[in-house]
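As structure tokens, here come the structures.
In the two complexes that follow, chain A is the common piece, with chain B as its partner first and chain C second.
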Partner chain A sequence: MAMLHIVNKSPFERVAFDSCLAHASAGDAILMIEDAVVGAVAGSSFSGKVKAAMADKSVYVLGPDLAARGLEGKAMEGVTIVDYAGFVDLTANNDTTQSWL
Partner chain B sequence: MSTKNFLFVNRKAPYGTVYALESLEVVLISAAFEQNVSLAFIDDGVYQITKGQNSKGIGMKNFSPTYRALGDYDITKLYVSTESLAERGLTVDDLMELTYEDADDDYAEKPSIILVNREEMAAMMAEQEVILSF
Partner chain C sequence: MKYTILVNEGPYQHQAADSALQFTRAALEKGHEIFRVFFYHDGVNNGTRLTVPPADDRLIQKAWTELAEKHGLDLVICIAAAQRRGIMDADEAKRQGLDANNIAPGFRISGLGQLVEGGIQSDRLVVFGD
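Let's turn to the complex of A and B:
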């Protein structure tokens, strides 16, 4: 039973992203949207945690939210950039969805 | 009307919440009252002035070009936290080139962004008379 975890808070401001990573299971998918997309940037003090999650989970980031914040092209390797159609696919292809508000 | 040292502290990323835009609105209003205005970009606030922002995909107005106009309103001191940039994997090269024309120096174009560490930021804050936080 794969779950899609959706995070929308910056990991530098709230603990929601940390909590998501702590509760996600192997085989789950994690999608960063809105302010959470800053967590996808390479070389930050948070990037190590995202990299660790990639060991057994797939990690995605919403491209339009990256672009809005001028962070297009700064996403770390291994994070898949998706558009809104990709967002829909993720919700459809996972059994359940959990939003970490 | 007396002139005071005003500081606007920006600590939130743009677009996810309305804080950044609201701060900018109040900053522009304050310019009309001819106060000595400084801006601080700390924590996620540094994302407000990244270059290349393109918000078409999220259907929101890209208000980052407005920061370029601040110099014309005599708002020329934008203090950016070096620690906040580093923690986020960013450098000053990831920020917009914000400048102003110095009327006291033959209108020479000068940078508005002042990179400071926490200690220097604290010293600048200690000089303020009115602090508004966003």
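Let's turn to the complex of A and C:
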């Protein structure tokens, strides 16, 4: 039973992203949207945690939300960039979704 | 696949209403069925027809109405959340003795049971909010 975790707040603003990483199971997928896309940027004080999650989870970021914040091309290696169609596919391909509001 | 979408945030607040709209559009384009979009908490503000955003801004409420008309969507507003925020249809306005209503075309006001039913009847429940 794989779960898609959707995070929409910056890890520098709220603890939701940290909570998500603490609760997600191996084989789950994590998608960063809205302000959470800053969590995908390479070289931040948070990027180590995202990198660690990649060991047993797949990590995605919503491309349009990265671009809207001028962060295109700044995502760390190993994070897959998806569009809204890819977002829909992630919800369909995982058994359940959890939004970390 | 069958989806219910839950929108817990008002338009022009952060980004959740925009995200929900874009997700719903993308799901429909992929051939999925949207069983229902349920608006709860400040999300009920997506359902007023009396907004006039600046001409160069996006028209979120109108976009929901247009999407509903095009695809026959069921846009449901939580009644308790709506009454707190002054979102009224003609029947509710009359029942409350109010002088006006403001619900946008394509929306209807109902209860939380509609959200529960959406969760049961759909393959996926995707939540957007603050």
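Couple of notes before you dig in:
Note that in this section the second predicted complex is superposed on the first by the 101 of 101 C-alpha atoms of A that agree within 3 Å, B and C clash if a C-alpha of one lies under 4 Å from a C-alpha of the other, contacts with A are read in each partner's own complex, and residues count from 1 in each chain.
In this text, a residue touches a chain if its C-beta (ideal position, glycine included) is under 8 Å from a C-beta of that chain, and two chains touch if they have at least 3 such contacts.
Here the structure is a predicted model, which means the values were calculated and not measured.
Applying the stated contact rule after C-alpha superposition, one finds that A:D35 touches each of chain B and chain C. By the touch criterion stated above, A:K74 is placed in contact with chain B alone, chain C being left untouched. By the document's definition of touching, of the two partners only chain B reaches A:S47; chain C does not.
After overlaying the two complexes on the shared chain, residue contacts for A:S25 are found with neither chain B nor chain C. The partner that reaches more residues of chain A, of the two candidates chain B and chain C, is B. Applying the stated contact rule after C-alpha superposition, one finds that A:N8 touches each of chain B and chain C. Within the superposed three-chain model, A:G63 lies in touch with chain B and out of touch with chain C [touch as defined at top].
Chain A residues in contact with chain B (one complex) as well as with chain C (other complex) are 8, 34-35, 64-65, 83.
Residue ranges on chain B touching chain A, taken from their complex, read 11-17, 43-44, 47, 50-58, 60, 62, 64, 87-90, 94. Of all the residues in chain C, the ones that touch chain A in their complex are 1, 3, 8, 14-16, 19, 22-23, 25-27, 29-30, 32, 124-130.
Of all the residues in chain A, the ones that touch chain C in their complex are 6, 8, 33-35, 64-65, 83-85, 87-89, 91-92, 96-97, 99, 101.
Against chain B, in their complex, chain A makes its touches with residues 8-10, 12-13, 34-35, 38, 41-45, 47, 63-65, 67-72, 74, 83.
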